[in-house]
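Structures for review follow.
Two complexes follow with subunit A in common, the first pairing it with subunit B and the second with subunit C.
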Partner chain A sequence: MDDKPSVLERVVVHLLLVGAVAFALYPVLWVVSLALSQGGLSGTGGVVPLPRAPTLENFRLVLGTTDPDGAWLFGRQLANSIVVSLATAAVGIAVAIPAAYALARFPFVGKEAGVRALLATQMFPTVASAVPLYLLLDKLHMLDSRGGLVLVYAATSVPFAIFQLRGAFSQIPVDLEEAAMVDGATRFQAFVKVTLPAARPAIAVTALFAFMSAWNEFILAATLLSREDAFTLPVVLQRYVGEHDAAWGSFAAGAILVSVPVMALFYVAQRELVSGLTAGGVKG
Partner chain B sequence: MTLRRPLLVLVALVLALAAFACGGATSARRITVWHAYRGDEERALKEVAARYEVERGVKVTLLSVPFDAYLSKLQAAVPRGNGPDVFIDAHGRLGTFTKEGLVADASGAIGEADVARFDETSVRALTQDGKRWGVPLATKCLALFVNTRLVTSEIATLEDVQKLRATLPASAVPLAYEAHTTYYHVPFLHAFGAELLGSAGDFAMVGRGAEDSVALVRDLTKDHVVPDEPSGALVKQLFVQGQAAVVISGPWLLSELRDEVPFKVQPLPTVAKTGKKMRPYLTVEAAFVTPDGAGKPDAVGFARWLGDDASARTRALVGKQVVATKSAWADPEVARSSALAAFHAAAADAVPTPTSTRLQATWVPADQAIKKVLRGEAEPKAALDEAKARFDDVMRPPPPSPSPAPVMLLAGGALLALAYFGVRRARAPGFRAELTRSLPVYRYVIHAVVTVCVLVVLPLVAGAATSFFAGGRGETRFVGFENYAQILTARGGALLGHGSFYLTLLVTILWTVLNVAAHVGIGLALGLALARPWLRLKAVWRVLLILPWAVPSYVTAVAWKGMFHRQFGAMNAILTAVGAPPVSWFSHFSTAFTANLLTNVWLGFPFMMVVTLGALTSIPKDVLEAAEVDGATRWQRFRHVTAPLLLPQLLPSIMLGSVWTFNMFNVVFLVSGGEPDGTTDILVSEAYRWAFTRDSQYGYAAAYAVLIFLLLFVATRLLGARVDRAKAKVA
Partner chain C sequence: MSAMTEAAEEREPRAKASVEETPLPASAPRPIRCAARGVKKAFGKTQILKGVDLEIAEGSFAVLVGPSGCGKSTLLRLVAGLEEADEGKLEIAGRDVTRAPPRDRDIAMVFQSYALYPHLSVRDNLAFGLRLKKTPQAEIDKRIDEASQMLGLGHLLDRLPKQLSGGQRQRVAMGRAIVRRPNLFLFDEPLSNLDAALRAEVRVEIRRMHERLGATTLYVTHDQVEAMTLADTLWVLNGGLVEQKGAPLDVYARPRTKFVATFLGSPQMNLAEGKLQKASGGGFVAEGGGMALEVDVERFGAALEDGREVALGVRPHDLRVAQPGESPSLELRVEIVEALGFEAYAYGWAKASGPRVIVRLEAEHARRARPGDVIPLVAPPEHVHLFCQKSGVALDAE
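Up next, the complex of A and B:
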C-alpha cells in the first residue's frame, strides 16, 4: 500500500506509543529497582525508581538455593516450569485444534449447546474447584506428578483455545481446502497441508496463552505438588511472602527471573506471527 | 494427535504407580515434614533434621510450603493420607486442626515428664481438652524496640513514651507501630482490661475498656506521637533511619536490622492510667504429628527431637528463634543475644492467641473499626458496636436443616425439562439424518469434550453442589436453598447495606464496565497504531507493550500496591513532584477503586492489543486497496472497511474479557484488599472472604459462586442474542 503518512499522524502515533510504553514500563522498572536494592520497599523510592545502593544480592539468594544433596534447586524448578508449560501448550492446542476446526466448518447436533457450555466454564469462579480437583487427581493417582498438573492446566486452557482457533479457522476460506481436495487430497490432508499453515499465527498466539497461564499459575501448583524438586517457579516465588514479613527483594528478583523467559518467548512468537502472515496463506 | 493424550495419561499413570510402589517399600524409615520457614530458620531446621538422619538412620524429607497455601494444602492432603508425618505451624490454627482431624494427640512426643522442660505458657497454648497436641518449638510476640541513642531514660510506661514528644526533634516520632492493625492493637486492648474474643467465642472488643483503648490510639496519632498510616515498611524505615524512638514489632524485625542504630529490646510497657501491662498475643510454633505420622515411631521421634535440648540450641543460634525449650536459655552462647532473651521474657507475659476458629472472623471487622476511628469517620463506640454487629452477622447460627425436597424437586424438574427438550428434538423431522451426518464430526470434538467435562466441569459441579450445605469442614450439613435465600435477602439487612450482595454487585458492574472500556479503547488504539505500515521497530514496540502481560498477575498486583503506598509509593512521589498533596489511596472508595482500576487496566490492555493485532492481520489487504482506489479517505476506510470486519472478531474476546474482569480476584484482593471498609470488594473477593476469613463458610461462598455464574450466563446470553440480531440486520 502506498501510504504516505502525514506528520500529524506520525506524531500522534508516536506519542500514543511512547505514552503507553511509559505506562507499561514504569511498574516494571519499579520491580527491577526493588530487586536491585536491599531493605525492601524503603530501599527504593522517589519518582524515578532507582535503587539507593544497587546490589545483586537478591538474585544470588534466589538463584543459589540448593537441596540437601547440593543439587541446584532453582535450575530444577526452572526446568519444571518449562516442561510443564510447554507440555500444557502442546496438549491444550492438540486437544483444541480438531474441536475448533469442527466448530468452524461443520454443522452438527449439539454444536450450539457445546459452544455455550464452553463459554459457561469461563464464568464460574474457580474459588471452589481446587479441592474437588485434588480429590479427582488423587483418585487417578496423578497427584504430585507433572503429568497431572499438565492435564489440569491443559484442560483449563482448552475452552479459550477453542474460541481463539475457531475464529481463526472460520477466517480461512473454505475454497482453499476444497481446491486441495479437488487436486486429490483427502479432507485430513487438506486440513494439515492447507488450513493448519494458514492458521499458524493464531495457533502461535493461542499456544502462548496456554503456556503463560501454566507458567504463572500458583494456587493449583502449590496444592497439587508436594515435593520441593517438583515445584514450579511461581510456587517458589510465593515462598518469599511470609505471615509477618515479606522478603521484597527476593520476591522482586524472583519475579524478574520468572518474567524474562516469557518476554523472550513473546519476542520469538511475535516474529513467528509476522512471518506466518507474510507467507500469505490468508489471501489465497 | 488422537493418540498423544491417552498415551500421556497412561505414562503418567504408570509413573505415579511406580512411585507409589517404591514409596511403599521404604516408607518404614522415611518421614516427611512440612514447614513454612525460610532463611535462617530453614537452615536451622535442616541442620537439626540432618542430625536426626545420621543418628536414627531415618530419611527426613523437608518440604517448604508457601505460607499462603499452607492450610488449604494440609486440609486437602492429610485426610487423603497424602499429607506429611510431621508439620510445623502456629498454634493459632489448632482449633481448625482438631476440628478437621488433621493432627493426632502428641503425648508420645511430649509426655507428662517432658512438660517441665518447656515454657509453661507455650505448653498451655498447645493443650486442648486435656490433651497436648504439639511440641512447642518457638514463640513469637510483640515487644518494644528502643533506639538507645534517642532514648536515654527507662521506658516503663506508655506515658514515658508519650513524654518523649517533648524532647525529640520534630522530624522524629516517639512511637511507630502498625496502629491500624488489630494484631498490634491487642496489647492496648489488654491494658484496658478488654479482650478481642470472649470466652464464649463472642466479639468482645466492645464496652468501656475497648473504646478507651481505641480512643487512646486516636489521641496518640492526633498528638503526633504515632505517625499517620504506619505500615510495616514505614515502621522499619523510621526505626532504621533513627526517626522513631521506639517501635512495637516482633522478632521478624530483628532479621532486617543490621547495625544502623543502637537498640535494645524489652517487653511492652505498662499503661500507667490503668496500671495494667500491655500484653500482646503469643504465637507458639509447634511440631504437630498428623494421624498418619502418629503410627510411625520415627515421626513421633522427630517431633520430640525438634524440641530437645541440642535442637533447641541450634534453632536459637542458627535460626535465631525464641525457643520454648528452657535449657537453651541456660546456654551462655544463646544468652548472649540480649534481643532474643528480651523476646523470651516478653513471651512469659504474653497471652496465647485463642485457638478458637471464631478468632479468624474477628480480625476484619476489628480492623475496619480501628481504621474508621483513626480516619475520624466514627466515634469509638459507634465503630466498635458496628464491628460487633458485623461479626455477629458473619457468625450467625447455621440455618436449620430443611427437608431436601425443594432441592430434589428442582433437580428433578430440571432433568425432566432436559429430557423433554431432548426427546422433542429427537422426534423432530430430519433429526435422524442430521445425527447421522453429525457422527463423523464427533471424532473431531470427542477429546475436547472428555477433557473439559472431566477436568473442568466436574470439579465445578462438585464445587457448586456444596452451596446446598452450611458449616465448615467436618460439620457440614444440608441446608437446601437457605444460603441463597440469605444472600438474596441481604441476611435481613438493608438491601443496599454494607456488604450486601446487591451493593457488591453494583460495584462489580461498575468495575467491569470501566475496565473493559479502557481495555478495548487502549488495545484498539495501540493495535491500530502498531499496524501502521510505515512504523519502524515494530517488534520492539510490541514487546515493550506486551510486558505487563508477561509478568505474573500476583507480582503485578503486589508491585502496584507498593506504588500506591502512602509514604514510599511512586504515585505519591509523582503527585508531590508536581506540587499536589499526597493521597492516602486506600482511605476513600474513589481513590482505592481508581488504584484497582489502574492496576487492572495495566494488566489487561496488552491482551486486547494482541487480539486487535491478530484480527487486523486477517483483514484482506485487497479490500482496503480497493477502497483506496475508490477514493475512500483513511477514516472512511476505517469506518466502513476495517471496523465492520474487526468488530465481529473482537466480540468474543470482549465477551471473555468482561467475564474475566468480572471475576478478577487477584487485583482487588491484593491491591485494595476491599479497603476502605470492604467497599471496593467485588463479588468474587466477597465469596473468597466467606470461604477463608469468615469461619470457613464454604457453602455460603459456593452459593456466591453459583450466583455469579448465573448472572454472567444470563447476561452473556442476552448480549449474545442482541449481537446476533444486530449482525442479522447488517447482513
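Up next, the complex of A and C:
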C-alpha cells in the first residue's frame, strides 16, 4: 500500500496552509511595517504592506519617553507592567492553590455552594465593578499604585485559577499522597513534595494565564490609574492613538514591545505547558 | 551508560539471577507481630468491618482474601493508618497504633496502582522515604543498591516512572518498600495490573523476597492462587468478619463454611442440598442433587443424625471415575467437556432437576467423554464435606 499523499494532495494542503498563515500573519505584518515606517499610515502602502523607508525612529521615540523631570518614563511603565503582572500571578496562585486543593480533596459543608458562587463571579464582566473598585481603592489610598492594581487583578484571577487547579489536583491520584504518608511524610509534606510537583504543569499554565490577563488588561488600569508614571503598558499604548492625532507608528512599535516579553515567556514555559508530568506514576 | 549495562537492558534481567548472591541487609529488622482486635469500620451508614480480629505472627506472611467489596483494602488501610477505626485496637510491634498517623507506624505499602511519584526518577522514588527520615546519603545509596540488585532495577534508576513498563513499575514499588526496611510490609493486590505470565513470576519473587527478608507481611488479594501459594496463614474475610483462618492447605481441605468451600478452589466445589441417611453398618450417606455420598463418620461424629438436612459438597478434583463393578456415588450426565490439555473438566448433572456438577477427568477419560454420556463417579468419604443447611457452617466445626 502506498500511503504517501499524491502530488496534487500535497499542493492543495500546502496552499491551504500558506493561506492560513497569511490570514493569521497579515495583520501582524501591518503592525511590523507601521512600526518601521515614518509618517503613519501613509508611510506604508499596497496590498503587501512594506515600509517605504525602514527606520527604527518609532522604537526610539517610544522607548525614550521621559517625564517633565527628565526621568525615563517608558522604563518606569514597563516596570509597572512587569511587577504588576508577576505579582498578580504570584498572589493569584498562592491564594488559589490551597482553595483548589481543599475543593479537590476534602468534603466540607458549603462546598458545592462555594463552587457555584465562584462560578457566579465569572458571569460579570470586570468593567461592571470598575466604579466600586475605584471607590474602594480611593478609600484605601491605593489608586495610582502597583499594589492597588495587583489587589484588583489577583482578586479577579483567583476564581478561574481555582477552577483550573481544582481540576489538576483531582487528576492527581490520592494514592500518591497516601504513599508519601506511609513513606514517612506528614500530610503537609506529602502535599509539598508530591502533589505540588505533580501539578506543576497545571500551576505553570494557570500562572501564565494570570500573568497574561494582567499584562493585557486595559479598562481597569485606565480607570484606576491617572498618573503617567503609574501607567501600565496597555494604557500607554492607548495614549498614542488619541482623539485628534493617531501616532500609528509609535503605537505599532509599542505594540511590538509589549508582545515581546509575552512571547519570551511562552518560549521559556513551553516545556511545562506541553508536559504531562503525572502520566505514568500510577498504573497505565 | 556502558555497553554492558546496555546489553543487560536488552535481556530484562530478572531478580532470580542475583538473589542468591545478594548479601542480606546489614540490619534486617527484627520481625514483629501485628494484631487487630475487634476492629470495626463503617462508611456512612454501611458497616464494612464488623469486628475483625487478626493476628500476624513475627515474620509470617498473612494473606487476606475475600470477595470484592468485603473490606480487605479497608482493613489494610486501617493497619496502614490511612483510615481510622471506629472501634477496636491495632497493634504493631506490641505498640498500640490505633490512632497513630501512618508515618509513626514504621510500615511500607505496595499499592495496587503502584503510586510511584511521577516527577521523581526511580532512584529518587526509592530514596524518598529515607530522605524524609534524614538517612545519611551513603546509607541511602547502599540500600538502593541492595534493593535494585534484588529486583533487577539497576538499569532503570535514572528513568521516570512513565518510562517504565507495568512490570518494572511494580518492581519499583516493591523496591520503594524494601529500602525502608519497615517493620511490616503491606500489599494491596500488587499483581492485579500485570499479565498472567508476569503475575506468576512476580508472585514467586514476592515469596522469595519474603523468605530472604523475613519481615512480617500482610497481603491482600482476591486471587486464590496468590492466596494459596504465598500465605503462611490465610485469612478469609466475608461480610465484614473473618470467616476462617489457617494454613492455606488446611483451609482448603477443611473449609469451615459453605462460603469458604466455594470461594477457594477452582472450579468451585460441587454443592447440593440433601439429607443424611443412616446406612447399614453404622455408616452415613448424604443424599441430594442426585448424589449419594458416603460420609466420614469419624470426622463428623455426633453431628451426624439420621434425617438431618445438610448441604453436601465435593470438589471436582476429588471425584473419580468408578471402577467396573464399583457402586457409584453419582452418575454424571455430561453436558460439555472442557479440555485444557493438562487436565479436563466435564460439566453436567447427576439428576435432571439437581444442581450442576463438575468433575475433573483424567486424560484417558476426557478423550472418550462425549456430551450425553453418563459417567459413573465415586466420591471418597474423606473428601465429602457437610454443612448445616441453615447456618452454612461445616458439621465438624459447629
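Note that the second predicted complex is superposed on the first by the 241 of 284 C-alpha atoms of A that agree within 3 Å, B and C clash if a C-alpha of one lies under 4 Å from a C-alpha of the other, contacts with A are read in each partner's own complex, and residues count from 1 in each chain.
By our rule, a contact is a pair of C-beta atoms (placed from the backbone, for glycine too) under 8 Å apart; a residue touches a chain by one contact, two chains touch by 3 or more.
Because the structure is predicted, anything quoted here is derived from the model rather than measured.
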item	value
Which partner, subunit B or subunit C, touches more subunit A residues	B
Which of subunit B and subunit C A:Phe59 touches, first, second, both or neither	neither
Which of subunit B and subunit C A:Gln189 touches, first, second, both or neither	second
Subunit B versus subunit C as contact partner of A:Phe169, first or second or both or neither	neither
Partner chain(s) touched by A:Phe108 [first = subunit B, second = subunit C, both, neither]	first
Touching partner for A:Phe211 - first (subunit B), second (subunit C), both, neither	neither
Which of subunit B and subunit C A:Arg200 touches, first, second, both or neither	second
A:Met181 touches, of subunit B and subunit C: first, second, both or neither?	second
On subunit A, positions contacted by subunit B and by subunit C	277, 282-283
Residues of subunit C defined as touching subunit A within the complex	80-82, 101-103, 107-109, 111-120, 128-129, 132-133, 160-164, 166, 169, 176, 180, 186, 193
Sites on subunit A touched by subunit C in the complex	173, 175-176, 178-186, 189, 193-194, 197-198, 200, 277-284
